[in-house]
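In order of appearance the chains are A, B, C and D, and numbering begins at 1 in each one.
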């Protein structure tokens, strides 16, 4: 019984963390995008526009949730939550401090990599339930893209697990050495690119390519339901960055204890900024180029990384 | 497995169809098998309205033809009126027209390059291009008080003389513009993703371009070496030396880069024009307030940012034109779209449409 | 190429139409009877006019006048080819076989003037909606929504 | 700003095929370069404005919604009311050159024609007369003989027909005539000094008038029995009835001028004595001698000078040419006057021969036209060669054809052809110019006289070699128009006043305002409505008037004059007179203007500008002759009731400043439209 209560508590904490992260994330994204594009970004509400989300979130809350008449009502209503749930779950296994993670299981890394693939199903459900051709195309694109990019993402994390010798995130963090960073640099880059593609962001935002499909699979969502999709996207970004910070970049490496957690969050924030920077610099890749890039460039790079680690492993 | 073609209806109000154009597209999966542009949504009947206005009152109408470049739309009309009425334009007015028109070509190409960047998703490159366009529009606002529909070039000369300080402002813009263009070139056109998206799609070879009457950067992108400013010289263009930029492959990439390098060439022309500018009257003297040219018909064209923009005027001796026909380059360029867009994917279709740089005020008239 | 040279070459081709070659406002233009307009266009195309700049029509009150503007890049010349078209059943041979550029422009002339181009691949209205009645650019086009302008100037 | 780098040359091939097969490394490099650029942009200062703290400043030429500066019936234009000697400073302050209407600018004496039209239209005709008299001294006289440069420059030429300014002078005189006795009273003498004016021509009278208003004692000496100088002897009586001339000069005498007629200075009264007696002397003697060509046969009997002929024709109505053939030599206004006088004194046939061709004749086009109507025959491009004399009596004139009059630099150098024609005539009158005859006048003084008998005078300050002695009029400028002499009279009076007050003569001497010449060609008035046309001046019919010296122009009635005065556009006065030219120019007919025109209660009742139709093309503000209509610099076009965007007169008349002045109810923003008024 207490485990269930503990789970619910951690669930609520994860949702709140993601909601807070999304609020700050959206503001920070609009600032970064603004300055990249020679403008200021939000300015008026609060110092440097920081309270802008204070205005946006209530607006989204009170906005009318339109459910298209032709839509498959139950599926349409539950799809956003189905998209959001895996993201919240994946937060649980990330080791925030040396040796401590909200859910310290022996298969944490595997869990982290596997859970987002549930999103694919949720996106297909969302896309299909709207009965809208553009949304359908968007949904199919998203599905093919996410399935394609799970492979390099998993492969890029494998060398880490090999070096650490166990699937338990806290163990990986514990076994982390500083020279792992240069060693696993290729894996880190492949992981970063693959996770960007997983989030449908940056150069790979095919599903909601504004120029063609006008918003892909969440075209007909509005109000809070649409906001949940947004939170799912930002949640995925936060989760991926935190995981990368905790594992590839060695968690609170130079410091220990509380300062370590702060270091993890700082590194994650840095990574998020890089992801945003990449999004606002590059044009969008076409669907076929996207898939060709995944199989012909990312997967071989991940395998090269595995070989490198394989060669180094005996000396360990 | 039996697949069925999906008929998709893009537009007329679609974020990236460059104005009110409806594309009826038949898709086989992602690949476009048939596209048919349905135009006419912005048809205001400018040619019919022109028959009801005096020669001076038609100039604000020509602003609304190619609203992204209304300066040279005015100029084309005014050249036709001057040829019809036999007006001699003073020297300084010709120079002002060239300067203002080249600035407008730059501003219009910024829209062309910016929208090809936005179509492929690079919103930052779009905003860098629009930052340059805004500098040009500030120059026009200082010159004639308007930011889009200028009503500046008039039959017989130009409406106002330069305010003081304008020449310096123009020189500083022209000094920094080429480096800004090269920066956009590096950021967007040099980028491997953009090259992958733009190269090799919407290929238009030189002969079909000529046969279909395509003109301007869209034709020069496929190697048609034809620029009215050099091959059918008008006004004071023979006094400047500039190169005509010609591409080779005829794909969307070449068309966009031809536009980019044309902006740099325009800077060169503006600098030479500013050096050769002398004081003098800006409007022909002794024109009657209500122009009434003798009966007859005249045609004159200029090199606009989209091609050879021509105006054919028929006069019956009264103060109102009897018939005005605008030969709009965007209309003829758009006719080629079905030819070059079939066989590409949906996302490429819109990039190809953007590479033809149509403005639907001019297409629909 | 100077307009006079152009005039000799055209007159050499069509001795009987020579007087109709007028040079007005800086552009050579030749008026051709309707039935010979297609053959004249073909000959001019062989002469070097490889580009059809513009196709338009003018409502001259009692009849239409179809106007083609032909341009030639290597000859560096341009000229008008005009033909009078009767108003009761205005039919003009289409130029799509010579220059594909004519396709859309002829559809526009059909749309706004009601001149039928026989031989045109798909003659439909291009600018106005399909169910639009009447052809606006005709001088006798009556529409109650047209704003009456006061005629004082 | 960036340093100006050398222009990047266009690469031979634009399609960038060189780096076509982009390898992985070059691909990654291009991505890195892209990231570098966006990073540089990210850290550099944004281009946009930190709204709302900073606001974008709109350019001064911004074409925002329209506003009217002044409105007829509510704001009045600043009239010219001060004394004429202050005119030079006045031109600067009140009538800056960009606000000087073309009619006032083009008149040599800057008569305020705009003010006069305003006053006559408002039925204040006496004030109009006095306003005009301040600058041209003899409105009644000049209303008949002036060559009206003001009408040639009137802006109304380009809309339909010019405003009839000269007839309005004449109408003002005829109205003023009825009440002149109560308004003429001797001016107080505030200055202790006295000035003597020699000659009562227009220039002398102008100077005297100014000096009287300044409070000086003015004594004038006139050689003839009647005052008026060239106006009295030269101008034909049919053009200028003498009673009008004497009456107007009588008015000036009434203002305190001591006029002594029949006294010739230099003969009856020596000039030296006058210089001693008065503090300043003004020589306004004009040109007395008509020039005769030094060609053989001019001493024969029957050859007459123009002035003598006009003198005898005007006063004795008899010049000894009854029934004879008269040949007039010369193409100027004087020649035409001589020819028309010859007809009136019974000449059987009158021919006029001049060097210039038909179009180049120096006389005014309407003068020669009236002469030709009356039967004068004009022989053009003919140069006199020799007078044919038959036993002492004139028989004719041998004339040689003249090819061109001026050489390319514009100097008078006639080139003659070779064939000659003989023109039979009994009397030959030379009207080719007048010359001064001042040797008697200057005897005994140190006044410098140039070789050709011309008095040496400073062109702008009108001083002569002797301090205290000034000169003005045709003796300074040579043959010219009456209004031109009056202008020199004003300038001379200013010089005399400064000399007597000890002020420097050349202080802020405003050069006469450069006339604002028209840019457009005159309008063709084929289909212009009747009420816009110019009042037609009734003329006596040609046959009758050729026989005697009755008036040629019969003058306007009160109704016609009022209507004509209302046609004045009041250029550059920044007061809208409701001339409706903005409404006609607007491509979308967004402006409706209505005005009420009763005399004395003229006002603009409605100026509706429909914001929803306006396309901000700016044509109306450019066409507005009074510069009253202008675009405000307001940026926001969104007003509260955007759907009712009709600007009623009440709203349009908000102050023109760019700030957000309040509208009619003091609260809502300016131009806030009121419920639409039903269209009639």
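Note that in this section a residue touches a chain if its C-beta (ideal position, glycine included) is under 8 Å from a C-beta of that chain, and two chains touch if they have at least 3 such contacts.
Fair warning: this is a prediction, and the values are worked out from it, not measured in the lab.
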Shared chain contacts [subunit A and subunit D, defined touch]: B
Far-end chain from subunit D, centres as C-alpha averages: A
Most heavily contacting chain pair (counted by C-beta pairs in contact): B-D
Chain nearest the global centroid, as defined over all protein CA atoms shown: B
Subunit A-subunit C separation of Cα centroids, rounded to whole Å: 63
For subunit B paired with subunit C, centre-to-centre distance based on mean C-alpha positions, whole Å: 25
Euclidean distance of C-alpha centroids - subunit C vs subunit D, Å: 54
Computed distance of Cα centres, subunit B from subunit A, in Å: 44
Residues of subunit C touching at least two other chains: 149, 153
Junction residues of subunit A - those touching two or more other chains: 36-39, 280-282
Sequence positions of subunit B contacting 2 or more other chains: 124, 128, 131, 187-188, 191, 193, 290
Subunit B-facing residues of subunit C, complex: 24-27, 50-54, 56, 58-59, 67, 69, 73, 76, 78, 80, 99-101, 103-105, 108, 112, 125-129, 136-137, 141, 149, 153
Of all residues in subunit D, those that touch subunit A in their complex: 24, 31, 34-35, 37-39, 41-44, 46-48, 50-52
For the subunit A and subunit D complex, residues of the former touching the latter: 32, 34-40, 43-44, 277-278, 280-282, 297
Touch list for subunit B against partner subunit D, complex: 53, 56-61, 63, 124, 128, 131, 134, 141-146, 149, 151, 159-160, 163, 172, 175-176, 178-179, 182-183, 186-193, 195, 199, 243, 245-249, 251, 253-254, 257-258, 261, 264-265, 267-268, 283, 285-290, 292
Residue ranges of subunit B in contact with subunit C within the complex: 39-40, 43, 45, 47-48, 52, 54, 83-84, 208, 210-213, 226, 231-232, 290, 296-299, 301, 308, 310, 312, 314, 319, 322-323, 325, 327, 331-332, 334-335, 364-365
